[in-house]
Each structure stands twice: as C-alpha cells, then as structure tokens.
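Residue numbering begins at 1 within each chain, and the chains themselves are lettered A, B and C in the order written.
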Amino acid sequence: MRTPPSWRCPTFSLYLTIFRYGFRRHAAYRAAAVAGAFTNTVFGILRAYVLIALWQARPGLAGYDVADAVTFCFLTQAFIGPMQVFGGTLDLAQRVRSGDIALDLVRPGSLLLWSLADDLGRAAYLFLLRSIPPTLVGAVLFGIRFPAEALTWAAFALSVVIGVVVSFGLRYLVALSSCWLFDDLGVQSLSLVMTTFFSGMILPLVIFPGWLGTLARALPWAAMVQVPADVFLGKADLAGALAFQALWAAALLAAGALATRAARRKVVIQGG
Amino acid sequence: MTDLVRTYVLLAYTWVRAAAQYPVSLAITTVAAFLVTALDVAAIAVIFTHTRSLAGFTLLEVMFLYGTAGLSFAIADLLFGNVDRLSQHVRAGTFDAMLIRPASPFVQMAVERFAFHRVGRIAQAGVVLAIALPGLEVPWRRAWMIPVMVVCGIVIFTALWTLGGALQFLLTDAPEVANAFTYGGGQLTQYPLSVYGDDLVRGVTFIVPLAFVNWQPALYVLGRPDPLGLPHLLRFLSPAAALALACVAALAWRAGLRRYRSTGS
Amino acid sequence: MIELDGVGRSFTVRQGPRWRRRGGPRVVHAVRDLSFHVAAGEFVGYLGPNGAGKSTTIKMLTGILAPTSGRIQVAGLDPSRRRAVLARRIGVVFGQRTTLWWDLPLRDSFHLVRHLYKVDRTVHAARLAELCEVLELGGFLDTPVRQLSLGQRVRGDIAAALLHDPAVLVLDEPTIGLDVVSKAAVREFLRTLNAERGTTVLLTTHDLGDIERLCRRVMLIDHGRLAFDGTVDELRATAPGETSIEDVVTRLYTRPSPS
C-alpha cells in the first residue's frame, strides 16, 4: 500500500479552514469589535493615568520607568480581545449545557484542535480590530515604547500566539467542566477572578509584593498578559519567557486532551 | 410614580424568588460579585505598598473615594444596570413584548432578570467605606455630605445607564460603546481625579458630570482644597448636576423610544 | 372594534455602510393606504405572503409602531398614543416568540400579568382556573417557560393574553409549528372563545386550515394593500377553476403586483 505523499495535508488544511471560518465568523460582528476597541481605549487612558501617578511617586519602581508603565497599560487593553481576559467563554460551554457537545464529540477530528483553530481565528480577527487601535491611541496620547529590534517583534508575535493558546487552554477546561458540574457559574466566576488579577491585567505582576508576586509570576495566567508585555518591553530573557509560556500551553493542552477523553466517556458512552 | 415603583418591586420580587430556587448558585454568584470587585481594592492596596500617597491622597482617602463611588455605582447597577441590555431585547424581539404590556418599558427593562447577586458588590463597597471612615475622623458638621453624595452618585450613574440604553436605539449592533461611559465612569471615580490629566478632569466636571459623583463633595468632606483650583461652590452642586443629567437622560430615552416606534428597528 | 382608515407605514432603509452608500436612502412602503373595519364579535383571518405587511399591521394595531399616515382605532383608542391604556383592552399572542417571562415558571408569569393588568384577585383566580382547564395547562404550571414544548408555550401565551379578559385578541401566527393535536386544541379554544364570550379575534396565519375552520371573514394583504376582503366562500369564488383553497390563495399571491 502506498502512502499518499502529503498524508498530513488534509488534516492541516482542515484546521486551516476552521481557522479561517473562526476569523470570518467574528468578522460578522465588526460593529461590536469597534465598540470594544473604543471601550478598551477609554479604559487604557484611565488606567494609564493611575500608573503614571504611581510611577511619578516611585520612579523606577520594579525596573519600569513611566514610559514602560504606560506601554504596559495599553498592551493589557490590547490583549483583552484576543486573550479574552475578562473570562469570556468558548461557544463550547453553551454546547455542553445544551447537550449538543455529544454531536461534537462523535465528529471525526479532535475536538480540542478543532476548537483551538476556531479560537485562533477569533483571536486573529480581534487582534486586528481590538488590539491595534488602543495601542495606536496610547502611542499618540502618551507615547509608547515600541521595540527597536526585529527579533523582539518576532518574539512578541510568537509570545502573543502562545498567550492566546494558554488562554484557550484555560477556557477550554472551564467549558468542559460543566460536563461534571451541575452549575458552572462557580468555576466561571473563579476563572474571571484569577484571570483578571493574576494575568497582570489590573496591575503589572512585577509590583505585586513578596511571595504574592513570586506566585503570580509562576501561574499560567502570567503567560497571558505579563509575559508578552515584558517581551514587548524587552524586560524578559526571550528564550526563558517563551519557554515559560510554551510549558504552560503544553500542560494546559494536555489537560484539555485528557478532559476531552473523560468527557467523551461520560457523554457518549454513559449518555450524558 | 407609585405605580412605577409598585411594578418594579413586584417584578424584582418575582425574579429574586425565582433565583432563590437555586440557593447554591445565588450564594456563589453573590460571593463572586463581592470578590471580583474586591480585586479593585486589592489593586489599590498593592499600589500603596509602594507609596504613601497617590497624586496627593492617602490610602484612607482613596478608600473613601472608592467606597462612596463604589456604593453609588453598585446600587445604580443593581437597580437599573440592566437597561444596557436594550439592544439584546430589540434583536430578540422581547422589547416588543414589553411594549404590549400596560407598564413602563423602562421599568420592565431595568428589572428584567433582576440580579440580586449584585448586592455582593454593594456589600464590598460598604465594607471599604466602613474601614476608611473611622480613620479619617470626618467632623460631624461635614459628614452630612456623605449620604447626599452617595444618592447623587446613584442618580448620576442611573442617568448614564439610561443614556447608554437610549444610545442603543441608534447603535443596535454596538451596545458595548455604552460600557465606556458606564463602566468607564465607575473606573474613573475609584481614584482621586487629581490622578488624571487636567483636561480630562474639566471634561468630567463640566460635560459628563462624573466629578460630582464623589470627587467634588469628597473634597468638602475631607476638607481639602481643589488641586485644579476650581470654584469652591462646585462641591455643593452634586444634586444640581445629578438632576440636570437625569433630565437629559430622560429626554434621550423618550427620543429613543419615539424613534424605535417610528422606525420599528 | 378595529378601524383602519388610509393607513400607511413606510420605512427608510439605509443600504450598506455609510461610505459605500450610493444614492439616497430607499423608502419601503410596508403598508400603503390600508382601510378596513372589524366589528365587535367578528373572527377575521389576515392572510398574506411573507413580507406583505402583516406583522407591520399587527405592530401598528398593538401600538408598538406608529403609522406614517392614516388613522387607527382599536377598542376606541389610538394605539400609538394610548399604548398603555389599550394594553388592558387587547390581548396579543406572537406564535414565533413568547410574551411570557422566559426564565420564570408559567405560574409566575400569570401572577405578574394579574398585577400588571390590575385584575381583581378573585376574578383572576376564576379566570385562570377556567383557562387552565380548557387549555390543559395544569401539568406544567411550575415549569420555567424555556423548558416548555412549543405547543405548551403557545397555550400558555394564549392564556396570559386572555387573563385580563380583553375585548380584542390579536394573534400573529399562533399555530405555526404546532403538531396536529395542539393545533386542533388551539383552534377549538379560539372558536369557543369567539362564540361564547364574543371576543373579537384577528389572526394572521399561513395555515389555510386555520382560515377554513375558524374565520368567517378573510382579508388578504399583498404588497402593503388589501387585495381581498370577504367570506371564505367569496374567496373561493374568485377562482372558480381551482378546487382547493391553497390553489386559490396561491393564485392571489402570485398575481402581478399592482404598482
């Protein structure tokens, strides 16, 4: 029997199609994305002032200067859309609740990769509409420190992609948790609290005091906001930062794969 | 008026009773509402581990500003925050259902799915205020302003939500624009306005009167001069500002409703 | 009971995003120069192809939408000016979407209706008991509306629309998507309601079975104008060659548009 020369291609092109489909599906909500960018920009301005006040009181705090802090602030706003920092859920959660998940689980192909490709498509669209505008406005109003080297830009791009994967991994686990929990509100609320606080969204993790700071910088949420921002600002050792993110992404995807297997056993074999 | 209140209370009671059928869920969401807003205070606490004053204000003073604004915001959100779901109701056709009932569509919107768990946020703001107040040693002759400012803040935030709802008669596809003003207003008033740029402060004093939620009256309560040197009289004008904004919001809502009923979209 | 005189309703449709719009906005006449009277106690079917202006008419009758021209009176009131007062005198049922509270048990919806419409407690209790029996609601009064089957939900909606004993009942496609048993139950109920209580009923439908079994009078709207108004037999007589009522209506629908 002859193996087709490009036996991997059909699978890859399948996920590429899903990626494009995810992108286009969100492109249908352009007005909402523009409105989101507007809100992100307003919040960026408000939060920037608070950070400026802090860094004026404590110049050089945590190795950042005022320009670094302002840049950090607008980056956090830029990450809200693609990384769903405010605990956005996957459509999957709704499908778990309605029981439609059974249809997804018997479909050929991996539910995990399928959802990931779709979510990356969503993130790509929101990056264009909700990440770039707030950053540009921040640059005009306050001045933002852009990386000088091409290598930093490349590392930042990679870091954002892995950040989205980490965010997806967490949201995927939250969505699947409703297979076992009668009421997933608790998990969702917890996820929201952890994500907003421990990602660096509210304040940079570098100014969290003592053990709280050490802990926050080791948790997966740091890979969503703090680490990509540090890569952008040139505050991180690139290889170390990317390795940290990749490790969490791999761990979360592995957990997601295990959870999918368990969910399939529960939903398909036991019938829900 | 009494009819509106009666309708509101009746609908709210029905929703709370329905939510109470799932006590665990209700408890979790209430606690979560408390915790999520507590993160904002945690941020303030982290900031003050690095500095003793932020834009000239101490931790207790910032907590006072946060607590009063938070209380106003959370109460307005509990009572009227649902008005910002207007575009959802329009798209789902449920707004038409409200129009065929003999009750104010505004009240029906405001109370739809009355979210009792938001008392968690009210409690959180109350706790912060209760911690801040004893340390500030506000003299009694100035403390009368505190309840006045909370009530004015409730009116101002309610008016903002109403404006946000009215805006959605025009922008059915982009309801999130309203968030910049409602939640943005909530965020802005958490910190002393001296943090922000002078132009921004003038804007929220004379255009969108957020400075009257807590900033101006708080300068009176705390007995502090205005960092921007604005007139002393402003600190007593919160009731007037709240009333003016409420009138604008009511007119905008009526105009929006008239537009909806003459375009059907 | 329902009077329309020269009623018109036009919409301005904006085409595409602002920067790509060519020419001015387009004006669509959903309803033009519509006149008809419905007397108290009548049972009228309101027919028309999709997009003919049926829903626009219903929205104007109930006060949701104001007409651009002409005069409307329902139960002696101008709907768009006296919406809240009119609400107490008419009942409205949308078959495609509910006017009940989606997340609340059916019983709570009925309770709210009593207070909103200010129905006397004993009158309400008697009426609810009667409606529950006739519409067979007893089995699912405590079920949240979102968990009801379509047939159950529509019956719940009809009961809610009648609790305040309105003089006029307006139904927008009440039998859409119902199975034969539910459909028969709804039809029988509406027939009795009209015959015994004398409630004026106006119903839109695509189901010609509804028309044949219920309506003494049929109005047909097409391109925003009244294309036919008469009894079912007169409707048949417009096309003597056709055998079934479906074919008669199809012929009316597919006539070239009067412009």
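By definition in this document, a contact is a pair of C-beta atoms (placed from the backbone, for glycine too) under 8 Å apart; a residue touches a chain by one contact, two chains touch by 3 or more.
Bear in mind the structure is a predicted one, so any value in this text is a computation, not a measurement.
Among the chains, the centre nearest to the mean of all shown protein C-alpha atoms is found for B. Across the assembly, the mean Cα position most removed from that of chain B is the one of C. Chain centres here are Cα averages; for chain B and chain C they lie 40 Å apart. Centres computed as Cα averages put chain A at a distance of 30 Å from chain B.
Work out the mean CA point of chain A and of chain C, and you get 48 Å between them. Taken residue by residue, chain A touches two or more other chains at no position, since every residue touches fewer. On the chain B side of its complex with chain C, the touching residues are 6-7, 10-11, 14-15, 17-18, 92-94, 96-97, 99-103, 113, 261-265. Touching chain B in their complex are the following residues of chain C: 11-12, 56, 59, 62-66, 68, 80, 83-85, 87-88, 92, 94, 96-99, 101-105, 108, 111-112, 115-117. Of all residues in chain B, those touching chain A in their complex are 22, 24-25, 28-29, 31-32, 35-36, 39-40, 42-43, 46-47, 49-51, 53-55, 171, 173-177, 179-180, 183-184, 187-188, 191, 195-197, 200. Chain A meets chain B in the complex at residues 29, 31-32, 34-36, 38-39, 42-43, 45-47, 49-50, 52-54, 57-58, 61, 183, 185-186, 189-190, 192-193, 196-197, 202-203, 207-209.
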